[in-house]
Amino acid sequence: MGFLTLITFIPVVGMIIVLLLPKKNLNAIRWVSAAATFIPFVLASYLWTQFNYNLGGINNESTFQFVEHARWIPAFGIEYFMGADGLSFPMIWLTTLLSFICIFASWNIDKAQKGYFALFLLLETGMIGVFGALDFFLFYVFWEVMLLPMYFLIGIWGGPRREYAAIKFFLYTLFGSVLMLLAMLALYFNTTDPVTGAHTFNMLHMMDQSNHSDWLKILDVRYLIYIALFIGFAIKIPMFPFHTWLPDAHVEAPTAISVILAGILLKMGTYGILRISYPILPDIAASTSWYMAVFGMINILYGAFVAMAQKDFKKMVAYSSISHMGFVLLGMSVFTSAGIIGAVFQMFSHGTITAMLFLMVGVIYDRAHHRDIEGFGGLGLKMPVYTGISSVALFAALGLPGMSGFVAEIMVFIGAFPVYRTITIISAIGIIITAAYILWTLQRVFLGKLNPKYENIPEINGREIFTMAPLAVMTILFGIWPIPILNLMKTSLNYLIQIIP
Amino acid sequence: MDNVSSIKFFIPELFLTVAVIAVIIAGLINKNKNKFLIPGMSVAALLGTVILSFTQYEMGMNSLFFNMTVLDPMSVFFKILVAAATIWIVLFSLQQHMKVEYYILLLITNLGMFLMASANDLLMILVSLEVVGLSSYVLAGYYKNNMKSSEASLKYVLYGAASTGIMAYGMSILYGLTGETNLAAIQQQLLTQQPYNLTVFISIILIFAGFGYKIAMVPFHFWVPDVYEGAPTPITAFFSVAPKAAGLALLIRFMTTVVGHQLAPGAAEWLQNMDISAPLLIAILSVLTMTLGNTIALQQKNVKRMMAYSSIAHAGYLLMAFVVFNKEGYAAIMLYLVFYLLMNFGAFFIIHMVAQKLGSEDIETFYGLGYRAPFAAVSMAIFMFSLTGLPPLAGFIGKFYLFAAIINGHWYWLAVAGVLNSVISLYYYAGVARAMFLVKTETKDAVSFQTFDKILIATLVIPTLVFGIYWTPILELTMRSIKLFAGN
Amino acid sequence: MVEIAVIIALLPLLAFVIQIFFGKRLPRQGDWVSIGAIVSGFGLSLYLFIQMLTRYDPGFVITESFTWIDLGSFKINLGIYLDNVSITMLMVVTIVSSLVHIYSMAYMEGDPRYSRFYAYLSLFSFSMLGLIIWDNLFGIYMMWELVGLCSYLLIGFWFEKDSASNAAKKAFITNRIGDFGFLFGLLIVVTAIGSFTLTDIAEGVASGKLSGGWLTAAGILLFCGAIGKSAQFPLHVWLPDAMEGPTPVSALIHAATMVAAGVYLVARLFFMLSLDAMIFISYIGAFTAIFASIIAVTQNDIKRVLAYSTVSQLGYMIMALGAGSFTAGFFHLVTHAMFKAGLFLGSGSVIHAMHHAMHKLDVHDDPNDIRLMGGFKDKMPTTYRTFLIYTLALSGIPFFSGFLSKDAILGGTLAFAVSQSNPIHYLLPVFGFAAAILTAFYMFRLVILTFHGEPQRKDLYENIHESPKTITIPLSILAVLSIFIFYTLPGINPFSAAHGWFEHLMAAPASAVAQFSGHPVVDISEHTAHSSHTLAMIISIIVALSGILTAFAIYYWKKMDVEALTEKMGVLYRLSYNKFYVDEIYEATVVRGLLMWNNLLSWFDNAIIDGLVNLTAWITRHTSALSGKFDNAVIDGMVNEIADITQGFGRQLRRVQTGQIQTYIFAAVVGAVVIILVRLV
Amino acid sequence: MISLQTYLIISALVFIFGLIAVVNKKNAVGILMGVELILNSVNLNFIAFAKYVDLSIKGQIIAIFVIILAAAEAAVALAIVLNIYRYRSTIDVTTVDLMKN
């Protein structure tokens, strides 16, 4: 059994153990969960040391790493096919890290803990699987496996409007994924395995244009398939105007789940486009890139503007995610090294930054039991450490140099500017708006006179620092020295650009 | 094949017939002294039938009784399916202490469905449908002291009788056009004579009234919600799967043999001459069926009735794969039926268990069930999401193959309509999960179910999970069953 | 040498890290860590500086770089660029910074976040020093934002005060607007040239990779960054508000160093400025110089006067650079850094004293208000004397450093105007001289009101004391550094620095634009330069003295009644006093507009996007209500938009299910007939 | 000799009368009689076709089966109707609508 399989399925093993534990034994449940997320993290970190930076992956099985290839449903061309390349590996690693951290962010879950941790572990398997799968069917299964745990995690442990948020999330994403299902089937029936001549779900075979049937060479057909896939992914990103599930889901979800939602799930949309849409239909990707750039621009600005109008701290963070994902879209749309690597780096860095932001909101919500931005004030006086860490998170979101978000955004701009000048410049206005809403929030929450209600508010505790500090360190570390991550990505992504005409 | 030599291919049916008689006699002798005797005998009879049917798998294509029925792997598949379904129903009714007639009727229905699955002649179709119908009417009204049950029975019998009559009228016209009653011969005659096709069309639509009502197809579905709601829940579960499966077998055989254009070259042209080809007609009907089922299901507060509409929707999904008129589509239908059996039975059984304990089938009854009866609630949630078609549950695999079949047949708009319906259906299926887990209730006291029931549920939950991940055995079974069908 | 420069920059960073994590636990809250770091940096800078002087080579450049990001086809190299300008700048920053660090020991004593203050100061020093030594725009941009951050943190240091946190936010956002232009310019440059390094850019421009309109655009856009950071009109609004920060911060960041970063940037980019860009820059500078000095005349807050003065002086520098007087602009940066830092520290000393007096008397007035002062010269002799020296320097009185640099600027702009064919460019020197009068006037107004005359508040006056040594020593050092001699060596002519080391070493860099186009960007002959210089010197002495005299006439000898005068000036006074209402205009247009726009979008998000289908649902519901079948209990709050339509649909459909068996049969028959009819049609 | 058309027209009329009865009669037994009419029209068809088209006895055999089926159906249906009558004291089907929508 390969490492990727272990990483993917150890959480499920953990889930089974958790389910077998008695309900009352809280600590055992927590620590088993921690172990079940920590081991994949360790393994993923080990794989990082083994990662060969010179192999591209994308559409060539021999340059994928940690490949596992097994028969599953041979009668229908379905395989268990996992592997990592520079596009997926950073996301896998990030997923294992955030999952581990989120176990600790979930320490204070106050009801039905057993169910919570079991579902959480199942969710992790789904997430890692999505990033590792190279068989489209497998990808789809993992993609959908995430939905159920997410529905319950939001619906049972969420905030006051949890039911609404949960079903909204569920319906939206299901709507997207069924379209993806159809596109997947259409691709399946028009792709043949060059060796056996049978249809195949193997993504890499789908990427080889010579395996496509004549029907799949018709331009209109390719557009339709591309759009179907794109809507599926765009909902996850979430791209304007498919974004309205996000503020609800993020706001109502418990802290750790918001972290996972924003940190990992959103990335799956853009990951899917890069992993599936681009290499399989490169010509369509190239000819529709302008629209993608425009949507990226809209996301950046729209998200930022709306974030500024929010009164709810968490909602503000949620809309900021929309804005930041716009950078990914913009970077992806241009097919230049800087743009596309910037986009993927933004996926990674936003994963850490937004995770911090949600953890930050979680800390204050646990204490004040509300999230009204106007209802705080002067917390910097009573909670200096918390304020410090929060400032790191907020400034990272703002794109301050020395933090990873800055590197990603500037790379996106550098990459996008030569291709779409006007769009890039309009998008760049986003950095001003972002500064405005972040600083305004910072001011209203942490600065000014202390709200007398919070005279005795306790300082952030060790566990909470433990959840936020590694992310803060990473943000700064990769902001100053992004090479480790960029090296992971660059061979694959440069190769990806070459595929696109 | 003549009658005598046909006998050896007719052993399962004969066995079942003998078993029915044996059960009747046992019932007379036993007089309810041993409450497990009759169910035990029924299960044994059905198990025996299943085993005997399995031995027929390798017998290939056989026409029996002067082409009245056929024995081919497809019919065997459906026989095993309905017999297995009946076993579950019998086991599930154990707690009810039903009278001996109940079991006898179930067995007779079974026999009727066997005949439906292999009927190859208009006469046989008529007779088998009536056998199933007559016993079903009684089963629906089995709780004769219960107003709802009686009402269901009345509605069923009136609706069924009318439908059968209409179908018979259609058959008579078809007979008149061709002078034949054997399906293959009818097709032969149609091809050679090429009669005015509107007449053919009308006759086929009239026959559809008979098939359509069995499989709950719009616009012949109206009886479904009322009868399903009123009938005893095990019987509802039974209706939702077994007769539907047999009806589909019949429909597949009838349509492919009489108008299927895969079968005979030339038939296609003739079909094309008809303004509305059969595939398009069925496609439209399937979309109507699932949309109607799903949208009305959204409105239901009674879970059992909701499941009735859900089963209409699923009939629509099943019909969807029918439009491609090829083996792939039929295999997808058969595969789906297997998984549908598991999850639908599971859902109805749990509804039944809950209604027994808490006295109602309303959605309110399910509030907070996740904390009061975790096993049942989790199982119910699994069935619900499996019905929605979410991986990694069996229902997804079923839907996956349905969509695969129609995508491969380039029916894209149909596929889009199908997936959108899936999304709609999530709303009410998730509604049940929501009621069980998301809604907080005052009462927290545990609801305990009998171990036997739990085991029974487990026999449905486990395959639902396992087949969601590894379904090759079922896939191969369906492929093998359909291989000989349709000649090529 | 490069290593030394890097160490100079990294020492404060190390201090910052130590301070932020362990500051509170160290003895004396670790102020010695920060002070030690910056003083060591000063020592090392001094070493570099002395080497530079001994080398005495105007063309000295040393660079060293490494690859920061390598994406295969695209690389970002970062490196260090040391030349005379950057070494001098290092020197200036470390001097001022060291003095401010020392000064703060007394000034910030007893503050609850004492160690945090030093941490921020260290971080600032690091960013500023880094900004100076990077060899590329990318690094400069990074440090640019970081100094902005430090400025934010330090302005908002007393964040309990709403005014402070507002000012901090305003500073950052205003700077971001400028940085947006900077970024835009950066993108143009990197797109055309493919590199950020100054040397590569110079080569690229010289070889014509970036030329014409794009070059001008790049120059102007990069200058936008400087507009923000150096508080040029129209982004000057943040700087006066920045005075909410502790006074040492004002001295260090908002007078001497960071705000000069904009000027430094323009100086760094001097080689790539086209004529159009230069003229644009020059006019922005000139307008800012006059605009800010008009405002400074009427302000009553001691620090605000100085703040507007800073804006005005930065305008001078920018104007000079735009007019092609590279050396003059940079020269003024250096001299101004010294005396303006001194002025702020001096005002800090006064405020410190006022604060203590007020604290003792338990009165709550504004310690910055010059209307409450008066006659302090006896109480605070050292502060007074040093303050006077700075004021003389700023006013442009011979024998002080300010005279030399200001004179160079005015001479340079005059020469520029002469050399250009369009006479409109005489506006530049005119603005310059006008601003010089006002500068002299408002500075002496400040000195007279603060230190001379009758005490306005006896009670406070009685309790004013001279500040401790840690405050007065830095003041004295800066005062000494405001004497002309340091800048004219080896020459000793108090009226011209032409033969000094400064003018020798800080020669204008070769223009890459000129190399490409083949003719100089600004062509000023030796003769014009010389004659303009002489003329400018005479005029500037006259205007400075007249400004001083007016101030004395009004405020010291009281030849005119101030009240009557303000009455007379009317509109002009109100405009000046209210800073030309720029803040109000911004508030009314940009800020309000943005908030309204945001709320509009937010509403749009809730009401339109999210509710697009809710409307349909509403319609569906109401149609249902009309038909009397509307079911009020919408499925338990799960109001989902799409589901709403679907449900409306389902609600209608289920009505067919009447429960009447005959309806069912009838419907089925009708259904069959419809199918057949459709077939017929 | 009576032509095939005549049989067919009569049978069609009977079928339609049967349908009308099924849809219109309030009395459950009336509805059942309508069903009988339908089945009889079927029989008429089968026999006519057997005589004119097929020239074999297939149609007639089917007709016999249909008669048997009709009888069985009537037996079951009447039992059910009786059951309803016992509890409701009416066999007006329009009142039987406990379950709807």
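Each chain carries a letter (A, B, C and D) given by its place in the written order, and its residues are counted from 1.
Criterion: contacts are C-beta pairs under 8 Å (C-beta built on N, C-alpha and C of every residue); 3 or more make two chains touch, one makes a residue touch a chain.
Nothing here was measured: the structure is a model prediction, and the numbers come from that model.
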Pair sharing more residue contacts (C-beta pairs) when B-C is set against A-C: A-C
Geometric centre: closest chain by C-alpha means: A
Computed distance of Cα centres, chain C from chain B, in Å: 77
Centroid spacing, where centroids are CA-atom means, of chain A and chain D in whole angstrom: 65
Averaged-CA centre spacing for the pair chain C and chain A, given as whole angstrom: 37
Chain A-chain B separation of Cα centroids, rounded to whole Å: 43
Shared-contact residues (touching 2 or more other chains) in chain D: 19, 22, 31, 93, 96, 98-101
Junction residues of chain C, two or more chains touched: 636, 638, 640, 643, 654, 657, 659, 661, 665, 669
Sequence positions of chain B contacting 2 or more other chains: 154-155, 158, 162, 166, 225-226, 299, 427, 434, 439
Pairwise chain contacts under the document criterion: A-B, A-C, B-C, B-D, C-D
In the complex, chain C residues that touch chain A: 20, 68-74, 138, 141-146, 149, 152, 156, 159-162, 164-166, 168-169, 172-173, 176-177, 179-180, 183-184, 187-188, 190-191, 594-595, 597-599, 601-602, 605, 609-610, 636-640, 642-643
Residues of chain A defined as touching chain B within the complex: 72-76, 112, 140-141, 144-145, 147-148, 151-152, 155-156, 162-163, 166-167, 170-171, 174-175, 178-179, 181-182, 185-186, 188-189, 224
Interface residues, chain C side, partner chain B - complex: 631, 635-636, 638, 640, 643, 646-647, 649-651, 653-654, 656-657, 659, 661, 663-665, 667-672, 674-676, 678-680
Residue numbers on chain D that touch chain C, as the complex places them: 19, 22-24, 31, 93-94, 96-101
Partner chain D, residues of chain C touching it in the complex: 654-655, 657-662, 665-666, 669
